[in-house]
Amino acid sequence: MASHIGIIFRVSSFGESHGAAVGCCIDGCPAGIVLDVDALQAALNRRRPGQSAVTSPRAEPDTVRVLSGVEDGVTLGTPIALMVENTNVRPQDYAQSNAAYRPGHADFTYQAKFGRRAQSGGGRASARETVARVAAGAVAEQMLKQICPEPIEVLAWVQRLAHLECPADTLPLNRAEVDAHPLRVPVPAAAARMHEYLEKLMASGDTAGGLIRCVVRGAPAGWGEPVFDKLEADLAKAMLSLPASRSFEIGAGLASTYMTGSTHNDPFDADPVTGQIITTTNNSGGIQGGISNGMDIVFSVGFKPVSTIQKEQQSVDAQGNPVTLQITQGRHDPCVLPRAVPMIEAMTWLVLADHALRARLNRKDTLASPQATPTAKDKA
Amino acid sequence: MASHIGIIFRVSSFGESHGAAVGCCIDGCPAGIVLDVDALQAALNRRRPGQSAVTSPRAEPDTVRVLSGVEDGVTLGTPIALMVENTNVRPQDYAQSNAAYRPGHADFTYQAKFGRRAQSGGGRASARETVARVAAGAVAEQMLKQICPEPIEVLAWVQRLAHLECPADTLPLNRAEVDAHPLRVPVPAAAARMHEYLEKLMASGDTAGGLIRCVVRGAPAGWGEPVFDKLEADLAKAMLSLPASRSFEIGAGLASTYMTGSTHNDPFDADPVTGQIITTTNNSGGIQGGISNGMDIVFSVGFKPVSTIQKEQQSVDAQGNPVTLQITQGRHDPCVLPRAVPMIEAMTWLVLADHALRARLNRKDTLASPQATPTAKDKA
Amino acid sequence: MASHIGIIFRVSSFGESHGAAVGCCIDGCPAGIVLDVDALQAALNRRRPGQSAVTSPRAEPDTVRVLSGVEDGVTLGTPIALMVENTNVRPQDYAQSNAAYRPGHADFTYQAKFGRRAQSGGGRASARETVARVAAGAVAEQMLKQICPEPIEVLAWVQRLAHLECPADTLPLNRAEVDAHPLRVPVPAAAARMHEYLEKLMASGDTAGGLIRCVVRGAPAGWGEPVFDKLEADLAKAMLSLPASRSFEIGAGLASTYMTGSTHNDPFDADPVTGQIITTTNNSGGIQGGISNGMDIVFSVGFKPVSTIQKEQQSVDAQGNPVTLQITQGRHDPCVLPRAVPMIEAMTWLVLADHALRARLNRKDTLASPQATPTAKDKA
Amino acid sequence: MASHIGIIFRVSSFGESHGAAVGCCIDGCPAGIVLDVDALQAALNRRRPGQSAVTSPRAEPDTVRVLSGVEDGVTLGTPIALMVENTNVRPQDYAQSNAAYRPGHADFTYQAKFGRRAQSGGGRASARETVARVAAGAVAEQMLKQICPEPIEVLAWVQRLAHLECPADTLPLNRAEVDAHPLRVPVPAAAARMHEYLEKLMASGDTAGGLIRCVVRGAPAGWGEPVFDKLEADLAKAMLSLPASRSFEIGAGLASTYMTGSTHNDPFDADPVTGQIITTTNNSGGIQGGISNGMDIVFSVGFKPVSTIQKEQQSVDAQGNPVTLQITQGRHDPCVLPRAVPMIEAMTWLVLADHALRARLNRKDTLASPQATPTAKDKA
C-alpha cells in the first residue's frame, strides 16, 4: 500500500467504501493559512454522487470534519486530519459479486495481492477513497491561493464523452461555465447530445468513458523538479492514480507526436505589456524540460467506461469455476466523467502545492533573502 | 531537483551533458545478484548515439565503470555506483544557443528555476542523463530475472513514426526482431517507409516524433501499490520523466475511452492448462485497480518531435530582445524514438524492480513463512 | 512538520492536546494480521494519565476507534486509521501561560517557527500526541508477533529516577513485573524509595527526571540498514523524538566509552544447544555495524525533569517584557517516566516493524524462494 | 541498505573500503552556491588517516573529484556527485580475519543479513565510508554559510578519552584551537595526558573510546520538524549512524536527568542589546520541543574503543568452530576520536542543511513574500 503522496505537502489517505470513514492527514501545510471549511465542504459536494439522473444515487451528506491542525480557522503548521464518515453503507448489495470476480474491477488483483479483500463493494479500490483526495485538494487550493503572488486557478471539464466531443478549442472561463450542466460539459449543445446518449446507454445497462481536459492558469515559471519529479511526470502519476483513468497527455499530447519540430516548437517572445518572456504558441502545455514556463499548463486525462454494467458478464469464482454475473444492485455511475472533474482538479492542486513549496528551495538568491528567515524578534 | 526514483530499489542519478561524468547510485539491490557488467555495457550501447545515419553522430564509447557494491561479479547488498565519463565534450558548439533561449528546450525554464544554467548543451536537461537510467535499468533487469520464479521480459518498439505506423496488432517476439532495423521498428515494410520519410525530413532540417509501445511478459499478479503508487501511475511517471515524452496510455488507452463498459471489460476465465485465473481479452493492459493481474502489461508512450531543428526559429535573449536562431552545430537526432526504446525499457525495469520488492511485504502468509527469514545458522 | 515515521511500516500522526482528536494512519501493515482492538486499548490505558497519585489527573477514557483497514478483525493491507477523541479539554487552564513563554516548554520555539501556536496547552508539543504513537506501536507489536518465527518481546522499565536507581543488573522478566508498581520500577525496594522521593518533590512543587532501560528479546540477526538507517540510529531518532527525552545509549553506552577494546569486544561463540552463533558478552547491546546480531537489544533513554512546575519562574512575554510566571492550573505529571515506559516500547515496536519488513528484501536467496511469491492460484 | 539521508538536502553515499571508490551524490543543493573545492579537500584531509603517531597509518591522498552539478565553481542546482578513488587497497591484509568473525566488527551481522560480505576489510562497514559524509558535509557547510543571514559555525572536539577528560566548561573558540593538538583536544594539559595514555595503550595492543562534544553557533530559532524529525532526533540518528558511536546527549543530557524541573528549566529573557528572546541558561542545548531556540546547540557523542586490537581474542568461524584470533596486520586507529571530530561536524552540517531548507516552508508570511518567488523577468 502506498496511500501517501507529496514530498513536502504530504497527504496520507485512508478508508474503504463500506468501512467506518474515509479521510486523510495532511502534513506540511504551512502555518497561517486561513482555512475555509465551507470551501472544503463545497469541494466535497461537487464530488458527491446523486447530483443528477446520470450519476450514482448513493446519497451521503459527506460532511467533512477537521480533527486537527486548525485553530480559529487558521492552520497551525501541524498535520491537518480530515474525516468523512461513511453513513450509507449497504454491504448486502454485494453478496452476489463476492461470489465472482467482477470484470473490470480490482476484486481479483486485491485478492491476489493481499490474499483477501473487503467483502463489501470495492473497499479501498472503490472511488469512495477520492473523498480524501478532494478534501486534501481543497486545502492545497486555499494554501496556494494565499502564498502565490499571482492568482492561480485550476479548471477541468469534460471535453469528450465516448465519441461525442466539444469543439477542439473549447476553453471555459471559469467553474460556473463548467458546472452549468450536470455533466460538466461547458458547451451546451455538446452537453445536450452527451446527456441524450448517456440516457440511452443507461437504458441498455451499459456505460461510457471519455476525456477530461484541465488547464492551470497563473502558475509561475520554475515549478517541477527534474529529472524524475518533472511537473508533467508528477501530474501523470497523480492522474493515473485516479480510478478508471487510462491515459495522460501534456500540452498537444498525442497530436504533437504527428507534428514536425518546426511546427511543434513554441517560439519565445517578450510580452509587450509585462516584458515577461512568453511563448507565442503553447504546444508544450506550459511545461518545458519538466519545469513550468509560466504559460497555461494544459493536459488531458482519458477515462475508461465504468466497469459496473447491468448486462450479463462472464467471470469465474475464486476456484476458477465459470460464473455468469449480472449485477442489478449497488449504486453506480453510468459515466465517471462528471464526478472525475473535481477529482482531477484536486489531484492537480496537490501536485502544484507540493511543487510550489519545493521550488522555493531551488536558488541561493531567494534563500539568502532576509525575508526568507524571520528573526525570533519579528516572530513574537 | 529530484534525481532519485524508487522506494526500495532506489536510483540516484547525476550528470550534465558536458560535465565530467554521468552516472547513478543504486541503493536497495539485494545481495547475491550475479551482475554481468557486459550486459550493462550492451544496454548502454543500445542507447548510444551514432548507431545509424538517422541518429546523432555524437560518438562516445560510454564505457560503464562499477565503483562499488559488487565483488567478484556478485552484488554485496550495498549501493552500486555506476559511472560513465563524458569524453566527447564540445562546449564551443553551443556559443550561439547560449545567446538565445532555444525553442522547445529547457534553457528558459532552467534559467527561471535556478537563476543560471549549464553553458554547454542542455546540461542536466540533455538526454545524456538517460545513460544513468539505462545503466540502472540493466541492473534492475538482472535482479528481477534472478528473483522472479517465472521468466520476465520487457520489450519496447517503435509503433509509429509521425503518421507512419505499424499494423495495430504488431507484437514482436523478442529484442532481435526489434533491433533488426536501426529504427527499432519490428515490421520491415513500415521501417522502410519511416526511414525514407526520416531522410527527407533530415534533408529539410526538420524532425519527427511518434509512438513507442511496450509489453511486459511474465510479471505475476500482485504488483502495484494503491492508491497513489498504482503500477500504471508509477509507469506513467517514469515515462513522462523521459525527455520529449508527451503521453502515456495503459492497455487500450485512449481507444478504451471510446468503448462501452460491456465491450471494454475483460472477462475472467481459468487457464485450461495451468488453472490460473486469466482474462480472455486484455483491454486493461495487465493492470486492474493499480495492481498487475498476471496478463501482459501493455502501454504506449508518445514522443514529440526533437526540438533541435536546422531551420530558422524565432526566440528572445535573456533580456527579451528578439533573436532569429539557426542551429547548425551540435549533434542531434532527427527522431528520438529509436534511442528512446532502451530508455523506456530501462524505466520499466526500474519501476518493476521497485514494485516486485515492495510486493513481497503485502501479506502475512508469505512474510510468516520460515523461508522468508533465514536464521543466523543457515546464513553462515 | 514531519509527523510521519517509517519507510515501509509508515505511521502518520496528527492531533493537538486540546483539539478535536489525536490519532494516526498506518500505511504498510501487511494484510492478514489478526488485529485485537482490546490489545490496542490496553496499550492506551497503560499510557493514560490518572493512573496513580503521582501521575497527571487529566482523566480521559482515550477510547480508540478503528476507522479503516480492518474487516472482521483482520487487516486488509490498506491504511489503518486510528482515532482517539479529546474529551477532557480545558483551554481556560492555560490563560496565564499564554501571556508568557513557559520555561522548558516549546511555546517560544513553536511561535518562532510557525508565527503562531495553539492557544491551549502544548498543542502539538504536548505529550498528548503520544497517544498516536502508542496506538500505532500496538499494531506494530501484533504484526511482528504474527510474522516473526520466534517469540519477540519489548520490555522497558524505570531504571533510575533522579539519583535513585535500581541495581545495575536489573532485568525484569515480563511486563507484570514492571507494572506491579505504578512507577513501573521492577525492584520493589527501589520503587518505594522513588515513590517517597516523588511525593516530597510534588509537595515542593517540583519535578524529576531519570532513566528508562529497554530490552528487546527474540529479534533475529539481520535487522538494520546501514549506513544511515542503522538499527541503533533509527532507535535513537525514535527515542529522541519523544517529549522530554535527552539521551540515548545503546548497549553498554557511556560505560563502553571508558572501556578498552579488549574488555569491550564481545567474543563470538556457538550456542551449545542450538548451534547458533552468539556473543558471550553483550556490550554491543545486540547491534553490530548497525545490524542486529540476534542477542538481546538493550538501550537506555534519559528524560529531563517535567517542565511544568508549581514554583515561580522568570520568563518574558511575546514582546520580551519580563514576566514572573507561576503555574497553578493544568494537569501535569511530576515525573514523566512511568508513562514514558509504554511510549518507549511503542516507538521500539515501530522501529522494529519497519526494519523487520525492510530486512526481508536484503538477499536474493530468500527473495527467490517460491514461498515468497504466491501464485494467483494459491491466492484464491 | 539505506545509504541516503536528508529529505531536501539529500545525500546518497556509496563505497566499500577496498573497492574502486567511495563517494556520494548530493541532490537538493540550491543553485548559485559558490563551491570551493579546496575547502572540500581540506575537510577530507582532516578526516584522513596517517596524521599522527596515534592514527591509522593507511596513507591515501583521498583526492576528491567533482563529477557533476558544478560549473565554473558555482552549483547548478543539479546533483553534485563527488568521488574519491581507493588507491591504497591491500586485501591480502585480511586473509586471516576472513576465516573468523572479528569481535566488535560487523563481519557476522553483514554475513547474517546479506548472506555474504566483502572479503577485504570491513567493506561497507569500514569507517572508510565516512569519506563521503565528510565531503558532503563540506558542501552543506558552504551552502549554509551562504544562505544564513547570521554567521553559523559547527565545532566539535574531544572532551574525554577513556577516563581522561577536559574541564567540564571547556568550550573552544574555533577550529584552530581544536586542531592545535593532533588528538583534537583543545586543552593542552589534557591533550598531553591523553596522548601519553594512548601511547601506552598502543604498546599493549589495546584501544580506547571516549566522548566528543559539539557546539553549533549561530543557528536561528525555528529549525526542526516535530514530531518525528525533531532537530535533536535527527542529530541523534546522524550521530548514531557513525561507526563506533554508542551514545547521544542533547544539552545537559544525562546530567539533566538528575536535576529537578526548577533547576533545569532555562528562564527566558530579552537580550538587552538585540532585544531577541534568549534563555539565561542553556540546559536545553538550544533545542526545545524539537525546534532550535536560537541559543547554541550543544550535544555529546560517545564512542566505544576501537574494535581492532592486537591482542588475542576468542571467536568462531562461519561453521561455529572456535578460533583464536590475533590481528597483526591491517591499518587501524588506536582511538577513533580525533578522526571522528570532522565526521561529527560533517553529519551536523548535513542535518542542519536539510532542516534549514525545510524550515523555509513553515509559514505563510515568508512564503507569501514577493522575494520568495522571483518572476521570470528578474530571473533572466
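Things to note:
Letters A, B, C and D name the chains as they come in the text, with residue numbers starting at 1 for each one.
We take it that a contact is a pair of C-beta atoms (placed from the backbone, for glycine too) under 8 Å apart; a residue touches a chain by one contact, two chains touch by 3 or more.
Bear in mind the structure is a predicted one, so any value in this text is a computation, not a measurement.
Among the pairs A-C and B-C, the greater number of C-beta contacts is found at A-C. The interface at C-D recurs elsewhere; of B-D, A-D or A-B, the pair that shares more than half of its residue-numbered contact pairs is A-B.
Distance from the chain B centre to the chain C centre is 44 Å, each centre being the mean of its Cα atoms.
If you average the CA atoms of chain A and of chain C, the two centres end up 37 Å from each other.
Contact with two or more other chains is made by residues 1-4, 7, 13, 28, 31-32, 77-78, 108, 110, 112-115, 124, 221-222, 226, 275, 277, 293-294, 320, 358, 362-365, 374, 376-377, 379-380 of chain B.
Remark: chain D residues 1-4, 10, 12-16, 19-25, 27-28, 31-32, 65-69, 71-72, 74, 76-81, 83, 108, 110-119, 123-124, 318-320, 374, 376-377, 379-380 touch chain B in the complex. Residues of chain D touching chain A in their complex: 7-8, 28, 30-33, 75, 77-78, 146-149, 220-222, 226, 274-277, 293-294, 357-377, 379-380. Interface residues of chain B, counted against chain A in their complex, comprise 1-5, 7, 13, 100-101, 103-106, 108-110, 112-115, 122, 124-125, 129, 160, 162-163, 201, 205-211, 221-230, 232-241, 243, 246-254, 256-262, 264-270, 275, 277, 279-280, 283-284, 287-294, 302-309, 311, 313-316, 320-322, 358-359, 362-365.
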